[in-house]
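Report on the structure given below.
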Amino acid sequence: MIFRHRILATLGTLSALLAIVTPEVVLADGAAAPAGRLLLLPIIGLVLAGGIGLLTRWTLWQPLVSLVLLFGSALMLPGAVAGFAGAIGGPAYWQSLIAFWLLTWNFAERLSAAIRDGRLPETGTGVIIPITFGLTLLILWEAITRGANVPPVLLPAPSAIGTQLANSAPILWADFVQTFIKSVIPGYVIGCLAGLVVAIAVDRSPFLKAGLLPIGNFMSALPIIGIAPIMVMWFGFDWQSKAAVVVAMTFFPMLVNTVAGLNAASSIERDLMRTYAASYWQTLLKLRLPAAGPFIFNALKINSTLALIGAIVAEFFGTPVVGMGFRISTGVGRLAIDLVWAEIAVAAVAGSAFYGVLALIERGVTFWHPSVRGGRA
Amino acid sequence: ADALTLQLKWVTQAQFAGYLVAKEKGFYDEEDIDLTILPGGPNIAPEQVIAGGGADIIVTWMAAGLAARDTGVPLVNIAQPFKRSGLMMICPKENNINTVADFPGHTLGVWFFGNEYPFFAWMNKEGIKTDGSPEGVTVLQQSFDIQPMIQGQADCISVMTYNEYGQALDAGYGPDNLTIFNYTEMGNDLLEDGLYVMEDTLDDPAKVDAYTRFVRASMKGWQYALDNPEEAAQIVVDSDETGAATLEHQLYMVGEVSKLVDANDAALDMTTYDRTVKALLDQQIIKAEPEGAYTTVVTDALK
Amino acid sequence: MNRILPILTILLAILAFWYAAAIWMNAPWQNTLNGRADLTDVPFLTFAQQTWGQDKPVLPAPHQVFAEIWNATMGLEFTSRRSLALHAWITLSATLLGFVFGTALGVGLAVAIIHNDASDRSLMPWIIASQTIPILAVAPMVVVGLGAVGVTGLVPKALISMYLSFFPVVVGMVKGLRSPERIQLDLMRTYDANPWQVFWKLRWPSALPFLFASMKVGIAISLIGAVVAELSNAAGGGLGVRLLTGSYNGQTVQIWAALFIAAGLAAVLVAIVGMAERAVNAPNGVRA
Amino acid sequence: MSVTTTTSTTGTGAALAVVQAQNLGLTFPTADGDVVALSDVNLTIEKGDFVSFIGPSGCGKTTFLRTIADLEQPTSGTLRINGQTPENARKDRAYGYVFQAPALYPWRTIEKNVALPLEIMGHSQAQQTERIKRTLDLVNLSGFEKKYPWQLSGGMQQRASIARALAFDADLLLMDEPFGALDEIVRDHLNSELLKLWDRTKKTICFVTHSIPEAVYLSTKIVVMSPRPGRVTDVIESNLPRERPLDIRETPEFLAIAARVRDGLRAGHSYEEVV
Amino acid sequence: MSVTTTTSTTGTGAALAVVQAQNLGLTFPTADGDVVALSDVNLTIEKGDFVSFIGPSGCGKTTFLRTIADLEQPTSGTLRINGQTPENARKDRAYGYVFQAPALYPWRTIEKNVALPLEIMGHSQAQQTERIKRTLDLVNLSGFEKKYPWQLSGGMQQRASIARALAFDADLLLMDEPFGALDEIVRDHLNSELLKLWDRTKKTICFVTHSIPEAVYLSTKIVVMSPRPGRVTDVIESNLPRERPLDIRETPEFLAIAARVRDGLRAGHSYEEVV
């Protein structure tokens, strides 16, 4: 373990050192290049300092300081040299990026090792690592789109997307309301409830169960998204048709999972109810539904990501001039790609938050299930 | 041979008969051009494709091209075979819309994805609000079909003379039960299917030469298509990889497209160009009068 | 037999409901048509038949869909562009390629995650977040972006399939590779087994049931990915393209036919994975 | 085999019999042929009896208890519980059942688990509280009311499940290896507690165990069973006094009965095929 | 506490000691405070000893065995196995471990399960075949080579896991309640088989059990432990002869030792908190 840390940190530091000594191969502009090199130097220096910090013996504050140095330098890297074409995109530039990547990775390794060994508490520190990872991705994305001159109409830099997020907040909010509040939520609630109720109904009749389950299983494997144009045809262009798509997409996973969940109670648990001569409803409420909880939440979580995709896709087939799917498709047509990505970011955040809230509720409700009390999901 | 890639604005159909026929008939080969034709689709923005380097030449509408130029994709019009617009708005008579003055309070179907500019320019000119307020109109992003009219979801819908209008005719609609607003006849037409390239490529004489040969072959293709509609329609059907195109419909389309295309003249019509620019400026879709958004080097060389 | 009967009954019920719905949904247009043709007092049975025989119905009758499926597969040369069999094949190849990519990526990530704490902590939340991105929105840009660097045809579609299908595989495999109980791991430790041996002799076999369960979900999702990718790019054909063009031309029968074939394909693919599962499990002695 | 059995079990006035089995047989149809779990079982259990069932694994002990509880249906013979069919007895809530595994619901606290039968049988809130307290006290689990089952050791869980079966005060207790998971000391303790409870409440108890000393220590009657097919090979009446200190286990009387049980067991134990 | 222990365990020539623990302590840090599983344990086990560990649930028996096996790390004191650190002993494959549960891999047949350690330790194919045959014979499982674990009864599974631990012929056997799941008859049988094996092979055996008779019957040395924190309260040397027929269990010598063990157990058994 420690050995691997060393290798990573050494590689990263070497990479940074190399960045200083690599000569610029391409000098796009003779005058700008030396200036660009000059600007790069302190940044590479920061990376180096961070690397050396990681190489030295482990204490708690050192890696943190190193991390701050690393991020500081990385943030400056694409930003500060924006004007100097010679420095950006040159070998030294990529060298420092590689150094940055290796060193943040090393940081994550060390931090998780510290948590595992109990040197750092799980709560709080646990979220630093994924956040670091996300930030690293963003920085690499920014640096690569700029360094490799990726056309902004293909893939805008995160900074451009961020600007757009801030500037277009009212539009994004209106779209969010139209798609998420008006289409996704009602569709999700109706679809999940319907799936639950039908599952309970079906469960009472072995005949229905035998007939519906294979069909339900089959349906939940289908590209239901394909019915989006049909739903627009049937339910009109406003949110109703989107909600209908969401209902159709969420219904079957819920049906199948709930039916499976209702059978999850072990036979000994059921026998217990039988020895009490408990009625059907008593058994359902006190045993089978609680036992089905993890399955139901599983469906709720699956459905949370399906629902958003369904609503957005349905908007491609006709909508009022508002909505996330609408904005995305017209945005591409207008080459407002940063707005499109801002919209995607909103969708991803909304989706993750939706999922996260469900996961939290799940923790609360099915606290007793081994997968919950057994630690990490 | 010079390899060129042409990105169409829409799926393979007779709207692009000239290019498809020219390729099938070997007109590009004659000009020593090795042409790849990429069909478009509802989510493919040709401007994005060319900016990313996925195509050399694209077919697009002038308004979308200028808007793209404004966002930093330096597109230049090199030829404009389509002289008139095929865009119309049709309203079933029972909706009691007879003139533009009847629009307020109604729902209108509009195509987006870069096709919305002519509509908004028109409404702008008429002073009708498009924000859904009672004194304005409600805009609906229309699917690329006539279902919203059949389903009664929109009071008026957008159609192309050469495509959806035909579908409306098939469905039993016609001039006697429709109010028709034809953009060209109203003088509101903006330039449609033109040929665009990236500005920097025009610095290279070899490229310009290749473009010239490409346009010459294409115009020959258009001429051939207009002269031989049946054969052209068949070629379109055969070129369609999706198998969706039907001969009957494509034949209708060739007939209608022939009313919009001038096969003898690829040059840009400056009156329509100016109208297009003005409309975009009025709506603030572009911020400044475009410079160098078209070039005549190719069409001049054709003469 | 007593398994088939309930399914058949339900299917019949669905069919009956469908025919009834077709009358109801196609009635307005049929009334317009009849009105135009000055037909009045059409008897109900005739009217029903009319609604089941429309050219572009709102809801096509089942027999129309099956006739279309038959005509567009058996009735045509496979190489014909109109052949749904050809389009199904196009979609299938993207699906399979994407599924293979997705499974490989999923298994690879899972292996990294269980062997490395840092990967576990950094990757898992973002893997979940990745699935909340509306892929259909990104699909066209993926197609265009890859087209710009010269990757066209099957691969962009397969990548989108991969993006969707790797997720269930990672989740399932992480669960599966972690499923050995502590005592089983301890056993390996008492033998001083190396990580490689622990992986192949313990973790991998315990994860196999999870792998197959995830692959069943994965292959169905992979098909969805391929269809979605085709929805955004008409080039090259495929079932998604048929859905799209069908919708442009108001060809509802064509839409439904493409949908049903996609459904059938999904069913067959899942069944094949199920068969593979049984084939692999049999020598491993896992209970049916 | 049934001959030896019959002598000691039939001929008793049926009026008092809590459990009466006559020529009872139970066959499970399975994919690879029928499994005869019980065959020709004749047994009468009278009110106040403490009956232990002992026999090698798979001999049908659990099946017999389940049949009494109307959780399995006999395929031949007759079975009467308090003179009724097992189904009616179950609907009368005639018995409390302690399963081989604790079968506590993990989403309920210990106290809520014990409350479960009371809720189902419609006891008032006050009654519930009172009974929960009493039975948890009895099994030495006071203080753990608010804990969840998975927070308790296996032995504590088993005791909670005993408390649950005691809570609603059925006259017949069916206990399937309730102390299997416990260590000897705790087991001794619970054994004597159980004896006291039985003595005090005059309940009838059917008790499955693998342990010969446990069977001898607890029972008034020991039923030795043998497998393939499950038969009763011996019914041993114990003449030990009702009052039994733990060290009774070292007395010759005790050891004599234990030896008889061991012999009966060994006879039915065809070693190879059974384990 | 350690005083009584020390007298009987230290002072032996370390050269021969297979296990030597000095002031051994092990504390588990948990969310709600530390759990002291072992504290101040002093114990020497010599070559050829058969040592039983007995004590109430949770007293640290398993933990002690796991520490010997280098599956847990002591938090204080020293532990030497054959004079080495536990880690090096483990890497030397110095011991075979039989867990409390069989822990057979369900995707491997019985014979493949027994082959597992042999594969890992790189034995040749021929050697594997030979050893599998021999050890399966030993535990009376010949004929079941090709069966999967779930096709066997619990007792057979446990025997298979013993075979697996014997297959690679380590000199030290660590067995954690290997016979817990078996009925008395089978248990007796396996006990005498184990004794024979031990006598024949001169292995050193550490054996955890809950059963006093079992401990007394098998051991040369009985270690009595008590919980919270896990301590060794008594080490009882047994002077029973090495040759032990089953009925030795009714002899007064046997009962005397059993009584001493029971007393030791009861002393450490503060009933309430332990179960």
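Letters are used for the chains, namely A, B, C, D and E, taken in the order the chains are written, and counting of residues starts over at 1 for each.
The definition used in the following text is that a residue touches a chain if its C-beta (ideal position, glycine included) is under 8 Å from a C-beta of that chain, and two chains touch if they have at least 3 such contacts.
Nothing here was measured: the structure is a model prediction, and the numbers come from that model.
The set of chains in contact with subunit B as well as subunit C comprises A. Of all chain pairs, the one linked by the most C-beta contacts is A-C. Put simply, the C-alpha centre of subunit B and that of subunit D have 86 angstrom between them. Distance between subunit B and subunit E, defined via averaged C-alpha coordinates, is recorded as 85 Å. For the pair subunit A and subunit B, the distance between mean C-alpha positions equals 39 Å. Each chain gets a centre from the mean of its Cα atoms; for subunit D and subunit E, those two points are 32 Å apart.
The residues of subunit D never reach two or more other chains; the list is empty.
Across the assembly, subunit B contributes 42-43, 45, 48, 52-53, 143, 147, 151 as residues in contact with two or more other chains. Contact of a single residue of subunit C with at least two other chains is seen at positions 58, 140-141, 144-145, 148, 231, 246-247.
Under the contact rule defined at the top, the touching pairs of chains are A-B, A-C, A-D, B-C, C-E, D-E. Chain contact summary for the complex, subunit C toward subunit B: residues 29, 32-33, 36, 56, 58, 80-83, 86-87, 139-141, 143-145, 147-149, 231-237, 241-242, 244-251, 254. Per the touch definition, subunit C reaches subunit E in the complex via residues 181, 183-184, 186-193, 197, 201-202, 205-206, 208, 284-287. The touching residues of subunit D, when paired with subunit A in their complex, are 66, 69-71, 90-93, 95-97, 99, 101, 103, 105-107, 116-117, 119-121, 148, 150. Interface of subunit A with subunit D (complex): residues 266, 268-269, 271-278, 282, 286-287, 290-291, 293, 366-370, 373. For subunit B in complex with subunit C, the residues that touch the partner chain are 11-12, 38-45, 48-49, 52-54, 143-147, 150-151, 167, 171-172, 240-244, 249.
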